[in-house]
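Same chain, two partners: chain A is paired with chain B first, then with chain C.
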Partner chain A sequence: MRAPLSTAIAIGAGIITLLGLFIPVEPITSLRGRLIEWAVLLAGVAGLVAIVHLLSVHWRKMTARRNKNIPSAFLLIAFALTFAAGMVLKPGHPSMQKIVTHIQVPIEASLMGVLAVTLTVAAIRLFQRRSGWMSFLFAVSAFVFLIIGSGLLSSSANIPVLKDILAAVNALPVAGARGILIGIALGSLTTGLRVLLGTDRPYSG
Partner chain B sequence: MSEIICPYCGSTNTIDALTCLSCNKSLYDDVETPAGLPQQDGMEWLNTFRGLESDSNASPSTAEPGSESADAESEVPEWLARIRARKVEEAPPPEEEPLEPDELPSFINQDADLPDWIKEIKSGDIPQPLEENTDNIPDWLKSLAGEDNLPSPPAPSAMPGISLPDIPNDLPVEGLDEFNFEALTEKASPIGPVDLPVDTSELPDDLFDDIPADQPPSAPDIDRPDLDWLDERIETGIPRGGPLAQPLDELEWLNPPTTKQTELSPSTEEPEPAEPAQLPDWMFESVEPTADEIAESAKFDFAAPGSSLPGSGDEELISPLQEEGLPDWLLDDEAAPLVPGTEYLPEGSSDIEEAQMPGWLHAMRPVEAAAPNLIASEEENRIEASGPLAGYQGVLPGHGVVTHYSKPPVYSARMQVTDKQRIYATLFETLIADETRVGAPAAANTTTPQLVLRLVVGLLMVIALLGVLILQPGFAVFPTLVPPESVAFYDTVQTLTAAATPPRVLVALDYDPSLSGELRTISTSVLEDWMAGNSGLAFVSISPTGPALAAELVTAAAVQSPAYISAERVINLGYLPGGASALAALANDPTRTAPTTMDGLSAWDSLLLQGMTAVSDFDAILLLTDNTENSRAWIEQVKPAAGNAPLLVISSAQVAPALQPYVQSGQITGMVAGFMGGAAYEQLTQSPSGPVRGYWDAYQGGMLLIAALMFIGAVVFGIKKFVRRNKKA
Partner chain C sequence: MITILGVLGLGVVFLAAGLMIILRMTGKDRGQPAFRKIAAFDDLKKSIGLAVENGTRIHITLGKASLAQPFNPSALAGLAALDRIAQISSISDRPPIASSGDGGLTLLSQDTLHAAYRSVHAPELYDPGRGRLTGITPMSYIAGTLPIAADEDVSAHVMIGNFGPEIALVTEAADNAGAFSLAASDSLPAQAALFASAQQPIIGEELFAAPTYLEANRGHAASLQTQDILRWGVIAIIIGGALLKMVGVL
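Then we have the complex of A and B:
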């Protein structure tokens, strides 16, 4: 067996956690809570490791002999300044929070704006690149939900026929989302059983 | 190959030679086989046996050429001619002159219509069956005929006797199995039961009446005269004449039967003995069976296969295999006494007559049993030299097989492909490659129209949205139809804030800065209501940017609630790493999972969270999310631990469809989704200056603008494609 110790630890931890969920007995629930706390700590450490790895990658790109990546230097400099300010000012300081609200939020919001324009152009050119029944159906559905999402028809929803039509159209994405959630649940259940039975061992490398 | 072999001397001559250099005879003369010489067909022994040397001069081949008889007999086989010549020599001189053909009945003269045997009768040529039939008759039959088992005389009515000489001729050896041995034993007549080839009873009687009585074997009294001449020969010891060249006393094997023959009823015909020169020597070397052996043979029982088989000529049949050459088992069987008690005799077996095994059946012993030494192979004589069986003889050879090692053959795994198959494989591979290859997009005419299109669409949207935001035209109408989940959300908030004790709400901020514009706008009015009810708000996030966004959100909402003291009623528990695991830990024990605030103070010792140890101690859980997976994690991990605390969700429009099932199942108490939900909530709160209302014109205008651009673009490109297709057509 490959990595028997890791397999035993993973299966044991999974079984204890599952038993603690269904059997609320004190020793098991305490042990289950302890294991989950260890998982949270490991996730925090993994975040730190990811940060270190990100810095090392950009450091190698910046110090490469050929094709040096200049933006990597900006990232390293920004990280150093933010880390220093956080260590000095603490994360709850208003100035530290403005780093997020005045830099990160506008940048990401701008990217969402660009994405909106790009999606609109792609929708306009849909019939130029690929025409067919599927393209026509997608265009019609997008057009209909844009009209409904805008709230233009909500003021006239008292009309009996239109009310029923809007209710039926709004039920379509809900039905699709319910199917997706059922698929996700079955996939999660299968993955959990595979890990508990030792069939799937993502921890063994 | 250019040689000529002399047909006289066999010497080799050149191709141009006309005469042989050795014997000076012509090389091209026809060489005839000398008359009188036997044919070199490998049958010299038979000719010698038949006494050809002495009779060669009498062969018909010596007839003068040119005669009619010589021409006719040239087509006759040699053996037949020789038989005929001998028959002429051995034929007894006629005692009387035969009848003239005119004296015979007319139908007798019709020789062409009569069978051969009748012709022979007519011509008085009684066939001499013994000469030819002694070779066909088996020895056991001869012995039976020569002993006391002479055939009984058949009834004159059943056997006219005239056709009896043909019986031995037509009796095949294979037909011996048709003999009735029981009748043979009982009646001591081996010839009696044999069916005649021709039923003489059907012949007309006048055919025999017309034959002169002085003809040699006449039909009515052929039995008695035949026996008479035989008795006469026995008594006088003088042959009747004819073919017997040997004196009768040399035929010792014939004497005992003849003595007994007189005691029995006369047989229909006694075959004459053959010439000793025509008989093999072993016939004269045989030992005549004694009377006891004959009696014992009569008692032979087939139920006892191990019993001996004396008599019936067995000794003569196996005479080439001498007694010392016989296997032991055979000798033992002969010497072993017959024990009747050991046999299986069924009931009534005493009535069954004992049968007698014929000699030819006894002779069918396996050859290996008779001569085992001849078949003994070299393998059986080999003595094992090694191994645990060393010293044994006749052991199956195994040493050489085991020790002999041969390298196993190596087969090539390379596929043998012919040129034709290779061509087909290449063609098939080409077909597959065409199917899997993605077609390149149609090349644009120029890059300028695409860039212009993007710029036009972008500028149009920016200008339209900015113009609406700045001008606030107010053309958009708030929705009059409010979703039920928004109503439930509103009712829950109003219920909790209307309580005497200010509620404590766990606010889970879980959205990215990219969507903070939508969620912050929607959440601001909701937080204003909570702040209006002096609710305690504990923020926690599983996103790294969550704590900062929470501070910003509180700041924006507190503007509309100046009496609300955020420092006392709001606490930020910070960021929880680990995703779903962090939420599970928070649901299990929030005091251990998020023990401190963003400032490093003990969170659960503060006035807001004092006395709280579990998630269920909160009055409500408010989730602000734009992520489906994180929403599921909150619903699945935290909601079960929340107890009766309602779960309220403020989500972006893109997550709303995924959360609708949880709303319908009751896991989510109320939900405000997107700008539509925010507008509906503000519609319910009757807030005249809500943040959603300020963006509502721009939001609805932007959505309609995008829909219009998509419609216009589809129509334009559709028309262009239709025009191009018509031009190509």
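Then we have the complex of A and C:
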């Protein structure tokens, strides 16, 4: 077996956490809480390690002999400036908040704008890519729920038959979403069990 | 104090674990069981083969779910797929790249690549630079992933994990570069966006079938069979519950 110690730690910690979820008795509950605290702490450290790795990847791209990546230089300079400002001013300082609200938020908002256009174009191209009843149903449902969501039919809420039809139509996506989520929950359960049984060991490198 | 819900939950977990162990043991001699065809995974296998032949790269992106969040099983399924894709494409001139939007996931993707190359006796292929964090917020993760589609000579993108609808920007970039894209997410808004934008979208729990369809190992096949059995159980309970409600028992 590869990495038997890592496997034993992963399986042991997983079983204690799982038991603590279903059997809320001492000392399992407090042990579960402690393990989760350690996991969150380790996830934070992993985030820092991964950020340093991200910087090293961009440094390599910027200093490559061939095909130098100029945008990587912008990333490194922006990171250095933001990091230095954060260390000097602390994250709660109004100037640091301005960096977030005046630079990061507008950039992310512009990406959301691009996304809106991208999705519209993708919806138009859907029939070129995949013609079939699923695509037809997808387009019809998107159109119907756009109209219902726009409030155009809000005045019809008092018409008895139309009100019932709208209620039935509105129940359809809820039923569909529940079906998909039940499937995903089952898949999540078996995926988690694969780790607990040692079939999947993504930590075994 | 243990509740009835706790006992039921634990019962389902033990039932699933028991089924997985039994199916794994009984299926050892029978080989890989036959599952229904899913066109998306057939196309993925073809794309991996083409990428190996053409000397182009495969990009696997694993989403932004932290390991401390409840959405991470989708990323674990992505890691299992990454392991298999790295093994299959180990003879390629350009090994695959993995990207993610969480630090822990990045380290696991590096570890998975390392393990995959060791398992095919080619540890020299491992380069930690191919398991990358591209951003730590949803948008910065996508913004950091976009250059991979444009600059790294990628011919196939595999997106398995927890995404927001902004993942459509990556599928669009893949489309513009003429690359194949297979996408699966546990998030409903992302599934809707991917249905319209990805070449091969995977809906619902089929996301967790990816490692099995890439012929990972017997354990994955047993896991998928267990998932199918549990699904039939849920269907029976829902129909039974509805019938009992109709006749006034519940």
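Heads up, the rule we're going with is that the second predicted complex is superposed on the first by the 187 of 205 C-alpha atoms of A that agree within 3 Å, B and C clash if a C-alpha of one lies under 4 Å from a C-alpha of the other, contacts with A are read in each partner's own complex, and residues count from 1 in each chain.
In this section, contacts are C-beta pairs under 8 Å (C-beta built on N, C-alpha and C of every residue); 3 or more make two chains touch, one makes a residue touch a chain.
No experiment lies behind these values; they were computed from the predicted model shown.
Student: Once the structures are superposed on A, label A:47 by its partner contacts, choosing first (chain B), second (chain C), both or neither.
Tutor: Both partners.
Student: Touching A:193, do we find chain B (first), chain C (second), both, or neither?
Tutor: second
Student: First (chain B), second (chain C), both or neither: which does A:183 touch?
Tutor: Once the two structures are laid over each other on A, A:183 reaches chain C alone.
Student: After the superposition on A, what does A:36 contact: first (chain B), second (chain C), both or neither?
Tutor: Both partners.
Student: When the two structures are overlaid on chain A, which partner does A:70 contact: first (chain B), second (chain C), both, or neither?
Tutor: In the superposed model, A:70 contacts neither chain B nor chain C.
Student: With the two complexes superposed on chain A, say which partner A:5 touches: chain B (first), chain C (second), both, or neither.
Tutor: A:5 sits against neither chain B nor chain C.
Student: Once chain A of both complexes is superposed, is A:87 in touch with chain B (first), chain C (second), both, or neither?
Tutor: neither
Student: Examine A:161 and indicate which partner it touches, taking first as chain B and second as chain C; both and neither are also allowed.
Tutor: Touch partners of A:161: none, neither chain B nor chain C.
Student: Touch check for A:97: first (chain B), second (chain C), both, or neither?
Tutor: first
Student: Is there a shared patch on chain A that both chain B and chain C touch, and which residues make it up?
Tutor: Shared contact residues on chain A: 36, 39-40, 42-44, 46-47, 107-108, 111-112, 121, 123, 126, 129, 177, 180-181, 184.
Student: Could you please specify the touching residues of chain A with respect to chain C in the complex?
Tutor: Touch list, chain A to chain C: 2, 18-19, 21-25, 36, 39-40, 42-44, 46-51, 53-54, 56-57, 60, 67, 69, 71, 107-108, 111-112, 114-115, 118-119, 121-123, 126, 129, 138, 177, 179-184, 186-197, 199-205.
Student: For chain C, which residues are in contact with chain A within the complex?
Tutor: 1-2, 6-7, 9-10, 12-13, 16-17, 20-21, 24, 66-68, 73-74, 76-77, 79-80, 83, 102-104, 106-108, 110-115, 118, 128-129, 132-134, 136-137, 139-140, 142-144, 147, 151, 165-166, 168-169, 171-172, 186, 188, 191, 193, 195-197, 199, 203-205, 207-208, 217, 219-220, 223-224, 226-227, 230-231, 234
Student: Along chain A, where are the residues that touch chain B in the complex?
Tutor: Chain A reaches chain B through residues 29, 32-33, 36-37, 39-40, 42-44, 46-47, 90-92, 94, 96-97, 99-101, 104-105, 107-109, 111-112, 116-117, 120-121, 123-129, 131, 139, 142-143, 146-147, 149-152, 154-155, 157-158, 163, 173-174, 176-178, 180-181, 184.
Student: What part of chain B is in contact with chain A in the complex they form?
Tutor: Checking each residue of chain B against chain A gives 441-442, 453-454, 457-458, 461, 476-481, 512-517, 545, 547-549, 551-552, 572, 574, 576-579, 581-582, 584-585, 588-589, 592-593, 597-600, 632, 653, 657-661, 664, 674-676, 679, 696, 699-700, 703-704, 706-707, 709-714, 717-718, 720-721.
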